Structure formats: C-alpha cells, structure tokens
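The two complexes that follow have chain A in common; it is paired with chain B in the first and with chain C in the second.
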Partner chain A sequence: MSNLFVRKATGLVRSWSVMDAFIYAFFSINLITLGLYSFSQMYYFEGGMVNALIISAIFIFFEVIVYAGLIAVMPRSGGDYVWQSRILGGAVGFILAVTGWWFILWLWVPLYGDMFRHIVVVPLLGILGAKDVALWFAGTQNGAFTASLITLAIVSIFIALGMKTYARIQKFSFYGGVLGLLIVIVLLLTGSNAAFKAGLDANAVSMFGTQPGVYDATVALGIDAGAITPFSGGALLAVFLVLPYMVFFNLWPNWGATLYGEVRGATDFKRNVAGMGWALGITTLLGILLLYAISKTIGWDFYVQAGAAWWNYAWGYVTEVPALPVWPYPALLAAFLTTNKVLQFIVVVLMSLWWFGWSGTVFLSSTRVIFAAAFDRLLPEKVAEVNERTGTPVNALLLMVIPSVFIAYMFNYNVANFQSLTLASTLVIAVTFLGTTIAAIILPYRKPALYKASPIAKYNVFGIPLITVAGVIFGGFLVFLLYQWIFDPNGLYGIGITNTSSIIYMLSMYVLAAVIYFGFKSYRKRAGIDMDKVQAEIPVE
Partner chain B sequence: MDTLSELVLEMNRLIDAANENQIHLRAFGGLAILVHSQNNPRFFKRDAPDIDFVVPKNERHKLESFFQSMGYSPDKQFNLLNGMRRQIYLADTNGRRIDILVGDFEMCHKLPLDDRLHLHPVTIPLAELLLSKAQVVELNRKDALDIISLLLNNEVGSEQDGKIGVDRIAWLCAQDWGLYKTTSINLKRVEDLLADDDLKTTMEERDLVLGRVRQIQKAFDEMPKSLAWQMRDKVGTRVRWYSEVEEVDQ
Partner chain C sequence: MTKLFFATDIHGSDICWSKFLNAGKFYGADVLLLGGDMTGKAVVPVIHQGGKNYRVTLLEQVFDISNDDELQDMIKRVRSRGYYPYLTDPDEIAELEKSPEKVSQIFSHEVLKVIQQWMDLADKKLDSSDMKVYCCPGNDDMAEVDELVRSSRRVILAEGQVTPLDGVHEMIASGWSNRTPWDTHREEDEDQLRVRYEAMISKLKDPRNAVFNIHVPPYKSSLDEAPELDKDLRPKMAGQALKPVGSIAVRKVIEETQPLLGLHGHIHEGRGASRIGKTLCINPGSMYEQGTLLGAIVVLGKNKIENYVLTTG
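Moving on to the complex of A and B:
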C-alpha cells in the first residue's frame, strides 16, 4: 500500500494559523491606531504623506524578507533574542533584544493608552452624551493616566487568556474593524465638504459643548501651528525626511517574529513573506484610500490643520484648549456626516475594534523574549513560570506591568519632558531590528551549515543569498532612520542628542540590560554554568 | 528503553495514582489500542510506544505536581507555551516521555473529550480512540494497523454495550465535514491494506474487519447532514479541510 506516510511522534497543532499571524501583522501596523495617531502629529513636513507611505512600505518589504528568512531558519519563540544571541553573541543578543522587546514597551503603554482614550473612550462617551467625562478623558492628565491603567488591565487579561483565545479576539476585531473602516470610507466618499462642515459644527457643539464655528477656528489654529504637510508630492529629500516619523506606524509587520515558534508552518519562507507582506501591502493601500477619502470630504488642509491644532496644545506649545477639544479622530469626523446617532455609535464601536484587536501586541511579543532569556538562564527561572490554576505567566506580566505604571505616570504627567519621547519608542526598537538585520546579513557566512540546511538557502540574487541582500537594503534604511533621529540635523523629531531626557532614558535602558546580562552571567558562572555554551546551542522548539 | 510490558505497567500505575488524586487521566495512542486488542493483538506493531494521555481541562492545574510526585519533570518550555492544550513530562530515571492532551483531542481534527473521560477507566472511549487514528490525514502503516487491530477486536455498535460507538462516530462526523472526509479516506485505505497479501490476514479476519468498516460507512450514509455540512461537501477538498500537524522537536 503506497498511499501511507511517515510520521515519528505524536504531533502538535500549533496555536496560531498563518491567518492568525497575518492578522497579528496587520494589526501591528495598525492604520487606525498607530497610523492616524502619527499622521495627525506629522503636520509640519514638506514631503507628501502618500509618497512617504509608499516609499516606506518598499523599504519595509525588505524587512519582511529578512524576518521571514530568519523565522524559516529558526522558528523559535523569542525571535530576535534567539537569532541575535546565536549569531552575534550572547551579550549583543540579550542587550538589544530586552531593550527593544521588553524595556521600551513600558513607554508604549502610555501611547497605547493615549490611543485608547482618543479612539475608544472619548468618541463613545461623546456619542452617548457623557460630555463631561469625555472631556475629562480627552483633556486632562488624570484622564490620560486612567486610560493607561485601563489599557494595562485589558492587555493583562488578553495575555492571561492565552494565544489561542487572543487569536479569536483579534480575528473578531479584524472582521469588525474592517467593516467599520469600509463604512467610514463610504461615508467619506459619498459625503461633501459642505455637509462635513455643517456636521462638524453641529456635533461638536452637541457632543463636546464647543462654541459654534469650530471649523473656521480650527483652521486658524492649524495655520498658526504651522500645518503644511501635503497630501502628496514634495521633493525626494523632503519625502525621505517624513519617513522617520512614518515608521512609528508601519515599521512593525514583523511584530509577530517572537511568536513564530507557535505558528503553524513557520519554516515555510514564502508563507512567512506572504503573511507579513500582505499585511504591509493591504495596510498601505488602505492608508492611501483612507487619506484620499479624508481629503475628498473633510479636506486635506483641514485634516492637517486639525491635527496641528490638537498637538500644538497637547505638546504644550499653546495653553488654550483648541476649538475642537478632542483629538480629531477621522472616524468620528466621518460619523458627523450622518445625523443618525445609532449609525454614529455603530461606526465608532466597530472602529474601536482596531484598538482592541491590536492592544495585546504591546506585551504579547515581549513575553516570549522574556521566556527565551529565562530559559537561557539569563533571568530567574521564576520569570518563565505560569500560575498553575490560570495558566497565566504572572511574573513575566509583572515585569511588564509594574514599570509600565511608572513610565505611564511620567509620560502622562510629562515629568522630565517625557511626552517628547514618543519617537524614542520607535528608535530603540529600530536599534534592535538593526542588530537582527546584521545577524541576517552574516547568517550564511557565520552559520553556513544551519543556513545551507534551511529552506531559504535556494534563494539568491546574483549568487548572493537573498537574506543578505535584503538585510543590506533594510539595514541601510535603518541607519538612515537612526541618523535622522539621533542627530536630527533639521530639528524634526526631537528625540536626539538635543533632548537630554530622551538620551538619558534610552541609555539607561541599555545600561540596565548590560547590568542584568553581565550580572547573571557572572552569577551562573559561579554556579558552574557557562553562558557562552548555553547561548551557542539552538534552543529546542 | 522500556519494554512494552513495562510501559503498560507504568501507564496503569499513573492512571491508578491519578484516580486517587481525582485526576481523570485516560490513555490514547498505542497503549490504548493495545488495551482494546487483547483478544488478538497480532496487528498491534510497536516496540516501545509513547505513553499518551488526555485529561479534562479543569484538572490541568493538578498535572505538574502530580507528575512530579510520580517521578517525572515537566518540559517547562513546551508546557509554558502550550500548556493550556498540551503538556509533556519526562521521567527522571530514563527520560521516558509522556504526552498529555488537555481537554480535547486536537490534531488534524478536533474530538471533544472533556465530558467523555469517565466512560472507560483506562482509555478514552472506543469511538474516539478509533477516530483518533482515523482522523490522521497523513496516515502511516502503523496507524492503519491500529485501526485494523481495533476493528478486529471490538464490535461496532452501541457504546453502552462496550462496543465501538458507531452513533458517536456518525454524530461527530455529521458535525464536522472535515473529520468525515478524512475518516472516509482512511477507511478506504484500511480496505486497501486488508487486500495486501503482506498483511497475512485470514479470510475470516479480513471479512470481520471489512464488515465493521462497512457498518461505519453505512452510518455515514444514513446520518442526518446539516445544510452547512452539505455545502462544505460541495466545496470538497479544493479547500483544505484539516489542521496542519507538526512534530515536536525535543
């Protein structure tokens, strides 16, 4: 009988399908949360927004190739940590991975919280008629800090539910969120600028108690704030200068990299490219479509001016509350095109799923890096234990949650100018990605046996391994971004050498990581464990 | 390496101790097939099968301390990432591996077992045991022989009478077109294998097994099929109908 197969042991159905990994990647470069949040901050650039979207996506596709390749070679939980520590060495691997996948995520918590209040809490409360509570959340530090704490609670619950349940949550959020976005786009494409002006003035008054004439007042504030970013066009250099801000939104299709030990068929390079690549491609196209729809009905100039008016106030350049006293959330602005409160509510609820389906990304990937380091015995073994009753990795979660509360406090109350650190959240991770990219470039030469036995060995460009070529291109892009952020010759990003808080904060994280690494290495050595040997072995699946 | 009889002893020791600790540990896989093939075990081909168990979801949290008390250590990394659905323990003495599924049997297809583990004192119910082999998309010779062994040694009929519960099999396959499809394919493979002279079955054994295969196929023909099931049937195997199963590298 010839139609039988060979199988060695009891098999395992891994927690996530490729579709789950795609949705995770799709949400990781979340158009509605990260995208709209950063677009609204990018009001002072001379390069076109759509041009920057497209050019950044092209460079980031090489990131997809780099990560898809590494995943296919070593599909292990812990991703960047495992690859870097096995290819570049233990110290580099640990320091870069824990800073980029663990410590800096503390700073992301208040950012997730900020988006939670602007995208979920404030619009819903406004539509439900709870004006005072909505404005408290939108415009006070206590409201912002509370939103961060609620975010932490929600995310902790999601992590406790496990990968499989989280996959269901994000799948539900994906379909609901996309439906919501389609409604928003239809509202915008079928509406008119005159109807929008009327809707904005009427709804802003009824929901948030503003004075009549919000539209014109916002235009004036935006012009005063220096709102100039064009929809498209601009010189090539001007467009490139938009990229270091743009990547706050779309540098992350690889965000599931640390989870691929739990994804089915992760050794299939093409499948990995497809999962992350489609997420990047679809998000970029949706972004262009949404921005076009916004420009058609809301008006591009008004959209940029409204963002400028809000952030000029939020960043403390002016003290007077803007005419529209809430973040100018395009989905809410689109909902103003209808007078039907039920439809407005449905639109905002569906759009809030973009936040809920994405929120787990702040910790989920990080827990796997913590686990991997703990299994290498660079952290206490207790860190990688789960509560027997609930199955929750309580200790790993606490290592995320407790510092996050402190950092969220610093950020929301702007202690030591912490609100200027937004882009530092991206810089530190980009450094980690650069480490991984270097590991990918040298993989075929540093670990030839591993590479040749892998499914990516057959992919070459003029005889040079594809992963090396893609790594050089993406690495060059990262170096450009890091140069702009750190040296900031045009004064556009505010997190570089001129921002003492930013530099101290980032350096302190690298110092903390180095102290932990060398401290544990020394401690284990005294116990007879050679960490160099531990980190020379590829971990089991 | 343990002998087969040592493994059976160990399986029984663990099940008895688990019962004392109010843990419903029930065997599946090779040893469970052996338990139900005592009359004629000649088609049961194993040197040293794994020990595989299923445990109810709400008893998962008792496993680690139980197995530690029985001389086993958890595969911490694997259990951390997969422990809600699957756990592995390794014997401290010889590294013998115990695989445990939590709640349901989930491989190429899912077999809900959470409320079915009290039906037999040692193994999962015969219907699910048969399906645990018949649901394997990439069926190997050993799996096919296990199916033959089960069908040779156990009547197909009412579960209450200790037979392979054909109603349960039909009900599960009526709920899940994919499970029906894979099971149907594999029953056909079993028919083909029975025709193989190398197997050295007697005419009587062959007719007995074929008759039981046809009882199951008849139940499939007669089972009520929902509209969704029929629509899925129309789509057929053009769309993948099973989950991908990977081996665990240990």
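Moving on to the complex of A and C:
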C-alpha cells in the first residue's frame, strides 16, 4: 500500500529489522547449547550427522512458512494459544498451549541447567584452576542439581529485568557469542590432530587431574559404548532415524515469532520468512562448518567416541568415571589447542554468551501463556499480578519455578528414571506445534473471509493455499517424529511406550491441563460466565 | 447490578461495529461502551482500468477485477480490514501523487461517510431496544466524528461527560491521550490531561463507584506495553523489546481516586487486566483487522466488581 494513502495513526510503525528477527530465531535454534548438547548424545546412529542436519532443516523450513503465514493472517494475537483456540476450539487451544508452552518447560529447566554446567561452569572453573569444584559440578548429582538451581535464579532475574533489557542482553550475547565461535572455528581449522592430542592430554591433566593418555582411553570407552555415528552418509532411512533426535536442536526457529508485530502486507510476511529462514539456514551451515572443523582437528571418530564415553557414564550404563571426567565440550577442546590461559578464558567466556543469550527464553514464553490464560479467566486473576515496584510477575514466576525445582530434582537424581526423559521435552512441544499446523492447514477453509483479506491470500501452489501446502508437509514431518518417539520401533529414543515414566509424565501433563480447563470452565459457569460464549464469534448480521 | 460490555479500537472495521451493536443481546449486557479509535488507518484506491476492470493493491498484493461481483467482494474485503476503498482512475491517482493534501480530504470524506453509516445502522438496529450505547472517540479520531455521534438517536457521545450508568455508578470518559510519535488528533501533555480528568472527577457523586473510561491506559499498568521504537519508528529487537507507554496522569488520578473500574484501549497488544490499588483496570486489546471484536464483560456491584471476563467475539 502506498504511504500516500496511509494516514498518521497510533501504532503505524515501520517494519522491524530482519536482522533482529534473525537474532532471536538464531538463538532459539542454538547451535552451541542445544546443538552440541544433542550432537554429543547422538553417538549410536547409522545415519550421517550432516545429512540429518540438512534434511531436518528442509522440513523445518516449512514450519517457518506455517508460522509466518499464521502471523500474517492473525498477527499479534498471542500465538499458538489463540490460533488453535479460534480455529480448533478453546479446549484444544488451552490444553496444547499450556502443555507445550508452560508445563513441559519445567523439564527444560534441568536440561538448561545441565548445559549451563557443561558450557559455562565447568570449563570456566577448570581454566581458573578450581579443579575440585569443577569436577563436583561435572560429575555429581548435587553439582547437577545446584546448576539447575543457579539456572532458575538466573532466568528469574532475566524475567525481573523484563523483555526490553533481556533483548539487549541477547543482542550483546549474539555478537560476543559469534565472535567466540569464529575463534573456535579458526583454532580448529588451523590446528592439527597431533597438536590436539597433545593439548588434550596436557590440559586434561592440569585442569581436571586426569591420568595421562586421556585420548586413547576415551577412544576405548567410546568404542565400548557403541559410538558409530558417521559424519555424513548413511542410507536414507538411517538418516531419517536421526531426525527425531536432531530436532531437539533445531525445531525452534518460530520460538519468538508470535511477537513480530503488525503485519501490513506481503513484504512483512516475507520478512518473517526471511528472519526465521535465514536463522535456520545459517545455523545449519554453521553447524556443518563446526562439525567439519571438529572432524579436521579433533577427529570425527574421537568426537563421537568422547560423547559416547561421557553419556554412557552420565546415563548410568557404566559407573566408572570416564577418562575425560567432563562433558567433551568442543569449545573447550578447541581451547586446548593453545597454551595461552587468557585466550582459553576469553574463548570460553565468549562461548558462554550462547547460553546467557538463550536461557531467558525458557520462562518468557511461559509467563505469556500463563497471563493469557488468566485473562481468559481459566486461571485465577492472582497469577497475572505484577509486582508494582519491580514489574516482576511474581506469581507466574512461582508457577514456573516451584514445579521446576521438583522436576529438576527428579531429573538430576534420576528418580523414576527421569534422566531418560530428555526427548520428552521436544515431543510435547511438537504436539503443540502439530495442533497449530493443523489449524494452519484448515485456516483458508475454516476462516475464508479472514484468509482472503490477509497478506498471504495470493500465495498458492497449484491453486492450493501455500499455508495449507506447507502445513501438510510440516505436519507430515511431525507425525513421523511422533510415531518414532512414541512407538520407537528401533529402540532409539527411549521415551515411548516402553518407558513408563515418560508416558505417565507426559500424559499427566495433558490430564492436568484438561482438569484446569474444564474445572475452571465449570467454576466460571457457576459464577455466571459461560466460557463457550466468551470465546464464540458474535453474529455480524 | 449492571452488566456492561466494553470494546475499543475498532479502527473502521464494519464487522467489528456490527458485532459491537449485537454484543448487548449476545452477552446479555445492559450497557454497551465503545472506547476510542473508531476510524481506520488507510484508504485503498480501487483504480478503474476501463470497462468493468479495476486494479487494487491490498496488503501489497495486486488484484485484477473484471466484473461487478468481484468488485463488490473486493470492497467488502477492504472494509473487513478497516480500510476505506476509494473508486478512482489512473489520472486522479497521478494528480493525487502531485498534491497529497487532496488525499487527506478524501480521507476525511471516507472516514466520516463510514461513521455516518455506522450511526444510521445503530439507529436502525437499536430502534426498538432500550440498550444504552456510549461512544468516546480516541486520539486517532478527528473532531468531526463527535458531531456525527451526537447526531445519532441511539448512540450517546460520552467524551468529557459524567454519565450515570445506573443508580450507583457514574462514568467519566475521554479519548485524549498523552503524546505519541504520530502526532494524532487528540493528544496533549500529561498536566493538561490531568486537568481534563480532574474536571470530570470533581463532578462525580461517588468516585469510588465510578468507571473511568479513558482511552489511554495507566502508565506501567502492564496494559500499556508496546513495542519500543527507534527514531525511524521501527520496532527494536523485532518487536521483542516492550516498554510502557501509558499515561502518568491516568495512573495518578486512578491511584488518588480509586474508582471501581478503569476501561482502556490504545495499545492493541496490551490485552489484559490489572489492579492499581483497589481499581480493576482492563484493556481488552484489539484485533480489528481480523474482524474479531475483543471486549470485556464487567458486572458492576455496589462498591465492588461482581465479575468480569475478557471476550473474543
């Protein structure tokens, strides 16, 4: 629309910067935290890691189109909760939104905590010479639980600081983190395997008090643990079987998409696709480059074997502490290529920014969903209260923090086999995304007037709306993932029907959400509020 | 007890106006209140290409129209987003590009034409009803809108008035806002806003049982969180960075007077409810461009809010 015919009115803003959208999405599919954490766990697959990275990114690009399309048709509406509520009904919208954007985030807290200790705490303590404390954090349940509690404190502070401040922290972290990654990649590309072996042996002894011969001992442990995942290649089916693990890392370019602001035209739709799409593409390329650099100097086999050795111990398959008694963090391994302690410290500090610029997202989305549910009177008004002095949503925060402490305890002390639930964190959100994807597929047919008057009305593929086509492809991908996770015919993921704890945990969340929804609906009805009517469309005529 | 329905910021949407008029019956409300910003933000030229052919650019997509049905469908589509379709030809477009001041005349004409249609529709629809309907134009609405609302038989202009809602509750109303980056029709400095509000508050019989229907939300109420903008009015951090932009004067008069209820709008993203002391403040938000009427139902009791809920209609 020509600006000539647009008058001055409140809220008429210019388009947001694609770069800003890119940064948020780039951090949501965080190569260093989510990526390296999951890559190290994926040691027992026959499909190539790089192939899986590329194929998953192709499917997830259709997720980008689905979410950018929904934002274009229903902008600033609150995301999955509102999209599903309006297209699929209030009960579906509430249950899938609170499970995917709130309850399951409790399980993410110990995972964030685990990454915090491996990426931030242990390497820094090691470099600073605090060997015993580093090993306590790295190898004990108390250390892991403490890392979860510190994580909770840090993200609570981020919430208290507010989104405006956190967005600045995130931008700073982006530039610092990327600088750190570039240094790591340069170190790896300019180093040699011999130099790495020597550096590993020397630094592991001095920092963590290991016995000499760490490299060879790790190789042996990795082989015993069944480390086989190739760098690339593998049969197509074998590669596809890697995807349900890979998406723990890269299913999230849409994480901040619901706040991308007013969409005035097709250009803004393309900007949304560009922001999220470039983040997905560049992260994938960076991932391939980093894995290549690791392969060149650390050695691919050693990298996979080191991951296998660590997780075989961490998951309790063996009780003996591995030769390298800390998680094989590639940035730390790259820092071993230099003897300069200051440079080692700078590299690890800069790489820590990947965690700090990302961790705040764990609660920010949850508090939004809690607020939206409270405003819809599906939770007590009290939960949406904000402390007048600090601006902190204290009660919403407590609804995140208290269950998270409990779940972090269960996870870190492996009560009821909770450490096996890592991928359940992804499954539950994938179910929420599937609900949204189904809403997107049927949107042009369920809400034709709304769709036709939207900025994506002219985007068709062989006469079928693009959002529907993208939805079918991404929805099919999600169904494949859910089938593999739940039925797990090859026994690869460990969270399906054979894992009672996992099934009970996930089902209990859906039951809790349903109890809250129908309980509050009934309670409000007795008080004179018909929730069905509150959500129903008023007749126009 | 009085049950009121409040909606706001419908920005020229015919669908939202029709829904607003039907909301009383739909929700069983006694009183309908429409907050400010009734008028739309853009004119969409429908450019004649000869014969029955027209070309329209809506949301940066070009549509070619070749018959009357398609033309009517497109006009409806444009109106559904709160924009104003304007039938024109390439010569006039070229002329308007040379003299943009003429565009604002077209704008005023189209805006006022639609407001007149809305008042006519209200008079017709509510003719046999005893529903009370109040409108209070907002900072985006030009002054001429008030005259058209005044001329309605069924819609009452509430701006600057103390209006009795029932035997217990009175309402003050104002669509004026604090300064915005857009220099809109009704905005002024905070001290002037305060004078404006206090002039009405001083006339209230029972301020504690009053309703403050003030378009701009109170500062730092969480109902006033809007994307932070840079100097070029571009959202910072892809819209993730939010900041409070409400009125300090509104907050002060609510803190001091402690009315029963504050009804606000202005910030479309600010949907929610919050308390300032004992006062319940609500901003139902706005999704006018989707034809969805966001609103709030509030049941007023003596000295308390009996119940409330935000609606998505």
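One rule holds in what follows: the second predicted complex is superposed on the first by the 502 of 541 C-alpha atoms of A that agree within 3 Å, B and C clash if a C-alpha of one lies under 4 Å from a C-alpha of the other, contacts with A are read in each partner's own complex, and residues count from 1 in each chain.
Convention: contacts are C-beta pairs under 8 Å (C-beta built on N, C-alpha and C of every residue); 3 or more make two chains touch, one makes a residue touch a chain.
The structure presented is a predicted model; accordingly, all values stated were derived computationally and were not measured.
S.K.: For A:74 in the superposed arrangement: first (chain B), second (chain C), both or neither?
M.R.: second
S.K.: Check the residue A:144 against both partner chains and state whether it touches chain B (first), chain C (second), both, or neither.
M.R.: It touches nothing on chain B or chain C.
S.K.: Could you say whether A:424 touches chain B, chain C, both of them, or neither, answering first, second, both or neither?
M.R.: So A:424 meets neither chain B nor chain C here.
S.K.: Regarding the shared-chain residue A:167, is it in contact with chain B (first), chain C (second), both, or neither?
M.R.: second
S.K.: Of the partners chain B and chain C, which touch A:20 in the superposed model: first, second, both, neither?
M.R.: Only chain C is touched by A:20; chain B is not.
S.K.: For chain A, which side has the bigger count of touched residues, chain B or chain C?
M.R.: C
S.K.: Would you sort A:290 into first (chain B), second (chain C), both or neither based on which partner it touches?
M.R.: neither
S.K.: Can you list the residues of chain A that meet both chain B and chain C?
M.R.: Overlap of chain B and chain C footprints on chain A: residues 1, 4-15, 17, 77, 162-164, 261, 264-265, 371, 375, 381, 384-386, 388, 391, 539-541.
S.K.: Contact residues on chain C for chain A in the complex?
M.R.: 11, 15, 18-19, 22-23, 26-27, 37, 41-45, 57-61, 63, 77-78, 80-81, 86, 96-97, 100, 103-104, 107, 139-140, 177, 180, 182-184, 220, 222, 226-229, 232-243, 266-269, 271-275, 287, 289-293, 297, 299, 307, 309-313
S.K.: List the residues on chain B that touch chain A in their complex, please.
M.R.: So the residues of chain B in touch with chain A come to 29, 50, 52, 60-61, 64-65, 76-86, 99, 106-107, 136, 138-141, 143-144, 189, 192-193, 196, 243-250.
S.K.: Please give the residue numbers of chain A that touch chain C in the complex, ascending.
M.R.: 1-2, 4-17, 20-21, 23-24, 73-78, 82, 85-86, 162-164, 167-168, 170-171, 256, 259-261, 264-267, 275, 371, 375-377, 381, 384-386, 388, 391, 449-450, 452-455, 457-458, 524, 527-529, 533-541
S.K.: Touching residues of chain A toward chain B in the complex: what are they?
M.R.: Touching chain B: residues 1, 3-15, 17, 77, 162-164, 261-262, 264-265, 371, 375, 381, 384-386, 388-389, 391, 393, 539-541 of chain A.
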